[in-house]
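First chain written, first letter: the chains are A, B and C, and each begins at residue 1.
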Amino acid sequence: MKEFSIPACVTLALALLIAVGSQTFLGPCVHDDGSFGACHWAGRMLMGVGALLAAQSLLALFARDHGRRAGLSLAMAPTALLGILTPGTIISLCGMATMRCRALMRPAMILLCVLALMAALTGWWIERRKAR
Amino acid sequence: MILRAEKLSKRYFRRTGQANHFYAVREVCLELHPGEVTVLMGRSGSGKTTLLHMLSGLLRPDEGSVWLGDAELYRLDDGVLSRLRNARIGVVPQGRSAIDSLTVWENILLPGLLYNGNERRLEAERWMDALGIAALRDARPAELSGGELRRMAIARALTQNPEVLLADEPTGDLDDENTIRALSALRDAAHGEGKAVLLVSHEEEARRYADRIYRMDGGKLTAL
Amino acid sequence: MKASQLPIKNLMRRPGRTAAMILLSALLALSVFGGSVVVRSLQSGLNSLEARLGADIIVLPAEAESKVSFKNLLLQGTAGAYYMDASALDRVREVEGVEIAAPQTFLASLKADCCSIKVQVIGVDPESDYVVKPWIEQSYARELGDMDLVVGCLVTADVGEIMRVYDQRCHVVARLARTGTGLDTAVYCTMDTMKALLAAAEAKGVSHKITSDGRERISAIYVKVRDGYDVDAVNSKLNGHVRKATAVRTRSMITGVSDSLAGISRTIALLVGVVWVMALAILLVAFAMMIHERRREFAVLRLLGTSRRGLSRLILSETALCSLLGGLAGIAAAAAVVFPFTTLIESRLGLPYLTPHAGAVLALAAGTLAATLVIGALAGGWAAYRLSRTDPGTTLREGA
């Protein structure tokens, strides 16, 4: 089977963006004095979520049969959900909504994770149909 | 007589010599009768296709008129003329005439679906069988050869079950066997079902199926 | 099969072409919806700022930076601390034409418990205040007690929480409605609480330029001019009468804001206009090319008995479907960018920015969708009109 799975490519791209973005241009607050708050750990967690999602996407991309791809796509959904819940719900962020972690990191990460969730479910739907 | 053309003329712009236009069709009078195959012969560029388009209500003549029964085609409103063409005139044009987004089967059923949703499945199956394209039912036009497309167009026109059938070089892309198939089908439609058939062709084979033969030359029509 | 399925079949037959059409419409909808939401948010932010200032004149300490600092507080929520002697309040009240004069005292907190940046604490006088009170009353009906705090909506301390300011335990009793201004990042307390906080700050050795003579200090006085008096005249009287203070007309302060807002709105409108014109031009060309490419197919449909009107309906159905899908996608994409990043946009623009209420947003979305459909219909209609002017016979000859 040499068919290319577009949803898996999309989740891979989003996963990389989550992993890299959460540590760089979409990352948590940086303080002048070098200290960091809870949002720093939310950023770390998001990096992990991104890496896990990337690994799942790669496995789905190289999986040989449609059933396995469907399963891997479905497994990405809870990972993406974890990413959605991480900033602010599972790990708290800074106390001012104007701060970088709340104004930038949280909405950006939630948006990316929602897109990843949608792509994962689309992939699951497509692969499941092909598997039948 | 069912279709009648009176003094039909069509000019086209062309910068040649002193005049800036030429007559593709000049003062042509023609009658098509039910149950008859009329063959129109002539070299290419003699005005056959232009005449056929004017007879089918697709090309407004510069002078003259076309009557289908009591109706003068070019005096009708576009909506009425279109409906009339759908119900009473079948046309097999030259070249490709398939709708690419539909299958062969859907293409053949399409005219019946446009107004009253009458699918005419039985007629479609019958003519597809007669023309040897029954197996191509679910194929897409892009997958068909020129000859197969041509036969599809003939089947579509016949399935439409019109009173008048106008076919422009219907055997152009066909091999000998399929030429005979197509011409037989058209003759059957005329002799068996009382349709008025006009065949535009430059092939001698067509003569054998004709009840009347005309020749066109320089836009003028002569009976043979 | 039904004849009405033809437009969908045509669109699905050429997914690339269809996707390009949808993408163009989406781009159009995205720019229009995103742009108009931002412009509307800026407008409602300005209205909210006017409503929140509520005063005709604001008297600030004469120091050069106090006016700039006050503006920064309003627009960006930057914490600032500047003071004048409380006697200025009496001097203000002496001026003829002053109806109400309400003092406020500012204090920039150090890192408070909840946050790692400075918070502006604003003390208001419950007796004379007419500016903050109506706003607080929207979310907290009772009088503010000692060490009670009301927080702006962007301060994420929950009601009932204890917030430490200079090691003083304060109770968060209410959260204010969003204003879209810098005031959303401030916290409010009574003057008595403020005195305690100022004393605590002094005790921690934080200099707020407060002299140790024990006299009361205030940061700003909100003046309401009595009806029938000229605000400008009162303003210049105040400038002459109150020493070491500057009286500023709020309108002049807002004018600056509304000027830059008008500038930004114009820029956005221009950008949206450019995108609109470009998308229209591209759509017109794209549809014209599509129709040209398919003219033989349309001529065949005419030959089979489709009327001019029927053909126009087919073309318009195709373009309307593309516009509808593109419009919805564009609006969704713009919403996904504009709404979650409201706070970011506000702080980057440095202007009051208040997202309009759901009804207004829905109206904007509906308007955008309608506009996208109109553009699609115009492009498709024009193409269909051009097509209807050629006899199908001519087209069939050309392409044979």
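Some observations on this one:
Following the convention adopted for this analysis, a contact is a pair of C-beta atoms (placed from the backbone, for glycine too) under 8 Å apart; a residue touches a chain by one contact, two chains touch by 3 or more.
All values reported here derive from a predicted model rather than from experimental measurement.
Taken as a graph of touching chains, this assembly is arranged as a line, each chain contacting the next along an open chain of partners.
The largest tally of C-beta contacts between two chains is found for B-C.
Work out the mean CA point of chain B and of chain C, and you get 66 Å between them. One finds 29 Å separating the Cα centroids of chain A and chain C.
Chain C contributes residues 77, 112-117, 119, 153-157, 184-185, 336, 340-341, 343-344, 346-347 to its touches with chain A in the complex.
Put simply, chain B touches chain C in their complex at residues 49-50, 53-54, 56, 58-60, 78-79, 81-83, 85-87, 91, 93-102, 106, 109-111, 113-115, 117, 156, 160.
Interface of chain A with chain C (complex): residues 29, 31, 35, 37, 93-99, 102-104, 107-108, 110-111.
Touching chain B in their complex are the following residues of chain C: 1-3, 6, 9-10, 12-14, 296-297, 299-310, 391-394, 396-397, 399-400.
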